[in-house]
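Right after this note come the structures.
You will see subunit A twice below: alongside subunit B first, and alongside subunit C after that.
Right after this comes the complex of A and B.
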């Protein structure tokens, strides 16, 4: 655009900006200001959040300083339960199990989702929608049903051992061996979750302009080069979102280990939520306060790791075409 | 600014008023002695179908027989029981009457959860209880629950046909742990394994209480609840027994069900089963053909001497919440259901196929003439097991879990047993310190 035209355009934009600022500060009459409407519109959500999330959270922190009893006066103990939880080897072991589970489930799920999503992108419309439905089906299966299914698959004489017998490999004690129990539980976890991940990944992929791929192909880039230099950098935001939500959900997995192994041989599948759930079994004042404090500390741990993930994957704003 | 401030104050006031209004409409319950019809809530933990039927039948009969008290029955599944009950207690809507396991009495009473029944039940009802079972519910001289039944937690069930086919004598079941291993080896053939046993830490924790008494003459902690006793070598002998059963493949490596489910035995996947007396009721109700080929014996003991403890007595009782507004009415219902007369309890034991045992002397007398009560299996359980079974421990389950985990470690790894039980002992002493258990044994 010629220089003169550019300058006129810039001047007009600046003038408009000044006018807008003036309008905001003085010229809009009080009865037309949007503030009140804005507050009223967000009020229901804020009230619900305040009543059901913020207030209980603050109250929980307050109550964790007491030995809670519903029949006697709660006894003030200060930070004693925090000390009990932090010095409990089993709590840290469960955090380790949760992290190991997340490491098993999230990257595998995302890798699988990436390949399937790139595959779906290359299909015709009908084939693509058929595949999208198929891929999403496990996500609507209840985790209770999935866990029962996999228990039968992992039985001594179940399908998994039968498949192994076809290659003359011995039967494996999938769910009852401390080393194979958590990977065995992770498999249904991946199966249940990768449908949603695939669809979100697909949405992110469809946002990448085809012209990039075309010009890369013209320059002679292969499949993996296109993947590493175009797809993944442009999917950074989506990948970050999936990583953080996937991790947060994975570390809080409760149903699968509860139903499949009950915490597993020697605590090897006791994820943090399951540990807290089991700690509540006794229902004594000690157990009640202990499980409350453990939940709050889990909240802190998950928050810390999520923060770490955000820092590690410093994502820039997506580059526009 | 003033306008904004007053708007916020108005909003805050509105929220406070709404909160107060909703708490205000909590209960419209009738006061206890007003003569109006009173509603008493009763939560029954879900068990076999015939139990639900018995409770419902009797609650309806009670409600129909008088119009002062209405009992509302709610059946709650076992796996959500702790959460649901705790939530109700926290919000002040705890049920007036609940079914309760004997093991929970030791925890609940020091916490002030249950009402002493001496004021609301006639003395004759409490005196009718067998003395050893009355001890299960008595703390500091007061009874805190009324027993409905007792069950033995550990018995040996075996298939007489498979035993004969393996060349063993079904009339002389194994008496020692070594004998049991010999039988299990002989019976493990093809797809059938020797014995169905507890295979995870939780099941091991409570199903081995009787064997802990048998091997050690004590459980995991001393009577004062002051120190752990898990380093006693007798525990390692117990763990070795389980280790052999598991690592020699004499029991299913990946069990589909927990300890208390007799399904694998009913399905013919195992030739013997270690299970409680409730399994006999399941066999009678669901698998009479398997029952026809089944014999039952007391579980083998370490030394093989007769009349030794190998099982603990668990079972169910009825307790009344200490914060109930209708203590007299709740007591009236509990008395009518479980303590007054013998017809209802005889009916209960009849429909449970005599696999459960009564805590009341008068009911035991009344059962003598009843058809089916003289079943040889019932007699074996009653004479050889229930008479020698011990009380379930009252200490927190975490301590039992420490032993259960040590036994599971023995089964599923090759860890040195001394080290495994040292870990258990450290864990137990940690629990004793954190939960301030020293001197807190309510049954001492």
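Right after this comes the complex of A and C.
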């Protein structure tokens, strides 16, 4: 599913999950026990997940420990592929590119979203719903269309260079210069994603009681004071959630660099998933095992960085409303 | 700032934000009206010299393009129906029924939400290849139909219904299937629309899975076709932008029609 939709779903899931401590058994009275109907109802779900998610995952672990080629029997090699991946300069370079991409996309998107969400909150109902739909619009556009569109925008005589020429600079070879290529890929990334971030933040903003702002205004607090002393502290958990999910989504970006640059120039836009994807499609020996191992290790890296982000931000005490 | 000046400033800001968000899309649609070499010629011009409809006409009479649109549309409908069925059924069972091993199967489903996409993408490709599902309609529809996140969403919704519903219906001799189909599903219009749209969009916009699994020209998906456009047909930006505009139109229209549901679907109470 598109990353944006996934993010909303996760927001809903996490929100509900926190609210309601699971008590599966107690929820349902005894007389509603129904083994056969229950199994029939969950069967399609369980079977699909087992065949296309759980089994493939277990298979990944299995295959990452074997040399597999079309001509020979699989040969057990233990952790050798893990060693290959971990000592591969390209793998670490792609992690660096992924982190850089996340740094370009996530804070920018969140700042934009925070600004627009606070603005929408101040608007009349009609203007607010117009703007909500407008900022959400890019989220329904596919990454394929966004890539083609932005490649077009970045053409030598495209609109990006025309805008630069207005301030007597450029033209820039956006996607072919290693220094500008990744920021150029990040721009459509921000465009596709910030709308959903805005809506999630807005939902959080609407939960802050108006009385806080009213009394602050009576005390003469300006826009930035209200932002830093009321909005941001009270929105802290929402912001943290958006930061971590935004980060994990961004570092896993695949479509945009795949379509816009293919990872070039000089590997400057090869994100971790693109590196893995290209390795998988590569017809070199053991490409399958190598790319699977890399995808498992990437998960470890993502988990570690998310944890680090949580720690860093949680360390200075959250303000509870 | 109070009163009128403030309102004017707000209105200007609304306009500016809308303009900068929508500009790329407008630019795409406008470029579709330009001539073949006009779209990227060196003297920059915002609007076309003459508004030409040739590109749109060419796209709308292009066999492979129309076929991909139709195939993707049908696929998206089937996929949406399949995913709603699979996910609501499981959600109903987990929310309203009790059966042996429920907790285990619940964890089994929920765990899949936290598995990284890439690890699954590659090996599930190997699985569908082994199952002989490559280049079939099934490979597009079945593997993605079960979504733990969607199922969770429906389950939370069903947990909110009073238990008296089942008590009364069972007393009247209704079966649980009847309760699900006649009581619960008709009551869940809003979540069905929100999740149905999410499924539709996911299918319509999919790119990586189709390029891995589909090479049969009869099954090529619309985003796959657009993604390969320049390598297969050469660079005709005006034509490509016209095609992109038409391919984006269905999703934009869906958003506009169901805006009320989508925009209000984002609820995060309790996250704080």
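Simple rule for what comes next: the second predicted complex is superposed on the first by the 249 of 321 C-alpha atoms of A that agree within 3 Å, B and C clash if a C-alpha of one lies under 4 Å from a C-alpha of the other, contacts with A are read in each partner's own complex, and residues count from 1 in each chain.
As a working rule, a residue touches a chain if its C-beta (ideal position, glycine included) is under 8 Å from a C-beta of that chain, and two chains touch if they have at least 3 such contacts.
Not measured: the values here are computed from a predicted model.
Judged by the touch definition given at the top, the superposed model places A:100 against neither subunit B nor subunit C.
In the overlay built on the shared chain, the residue A:132 is in contact with subunit C alone; subunit B does not reach it. Contact with both subunit B and subunit C is seen for A:280 once the two complexes are overlaid on the shared chain. Once chain A of one complex is fitted onto chain A of the other, the partner contacts of A:288 extend to both subunit B and subunit C. Taking subunit A as the reference, the larger set of touched residues comes from C, when subunit B and subunit C are compared.
Using the contact criterion defined above for the overlaid structures, shared-chain residue A:60 touches subunit C, although it does not reach subunit B. In the superposed model, A:156 lies in contact with both subunit B and subunit C. With both structures placed on the common chain, the touch criterion links A:92 to neither subunit B nor subunit C.
In the superposition on chain A, contact of A:212 is made with neither subunit B nor subunit C.
Overlap of the subunit B and subunit C contact sets on subunit A: residues 152, 155-157, 280, 288. Remark: subunit A residues 1-2, 5-6, 8-20, 24-25, 27-35, 37-39, 41-42, 44-46, 48-57, 59-60, 63, 116, 119, 122-123, 127, 129-138, 140-150, 152-153, 155-159, 162, 165, 191, 195-196, 199-200, 202-204, 207, 234-235, 237-238, 241, 252, 254-255, 258-259, 273, 276-277, 280, 288, 291-292, 295-296, 298-299, 302, 321 touch subunit C in the complex.
Every residue of subunit C that touches subunit A in the complex is listed here, in rising order: 10-11, 13-14, 17-18, 21-22, 24-25, 27-28, 31, 39-42, 44, 85-87, 89-90, 92-100, 102-103, 105-106, 108-109, 111-113, 115-120, 122-124, 126-128, 142-153, 156, 159, 163, 166, 170, 176-177, 180, 198-199, 201-202, 204-205, 207-208, 223, 226-227, 229-230, 237, 240-241, 244, 247-248, 251-252, 254-256, 259, 262-263, 265-272.
Against subunit B, the residues of subunit A that register as touching in their complex are 43, 47, 69-72, 84, 151-152, 154-157, 171, 173-178, 261-263, 265-267, 280-288.
Against subunit A, in their complex, subunit B makes its touches with residues 11, 15, 82-83, 85-86, 89-90, 94, 104, 107, 111-113, 191, 199-202, 252-256, 322-323, 396-398, 405, 408-409, 412-413, 434-435.
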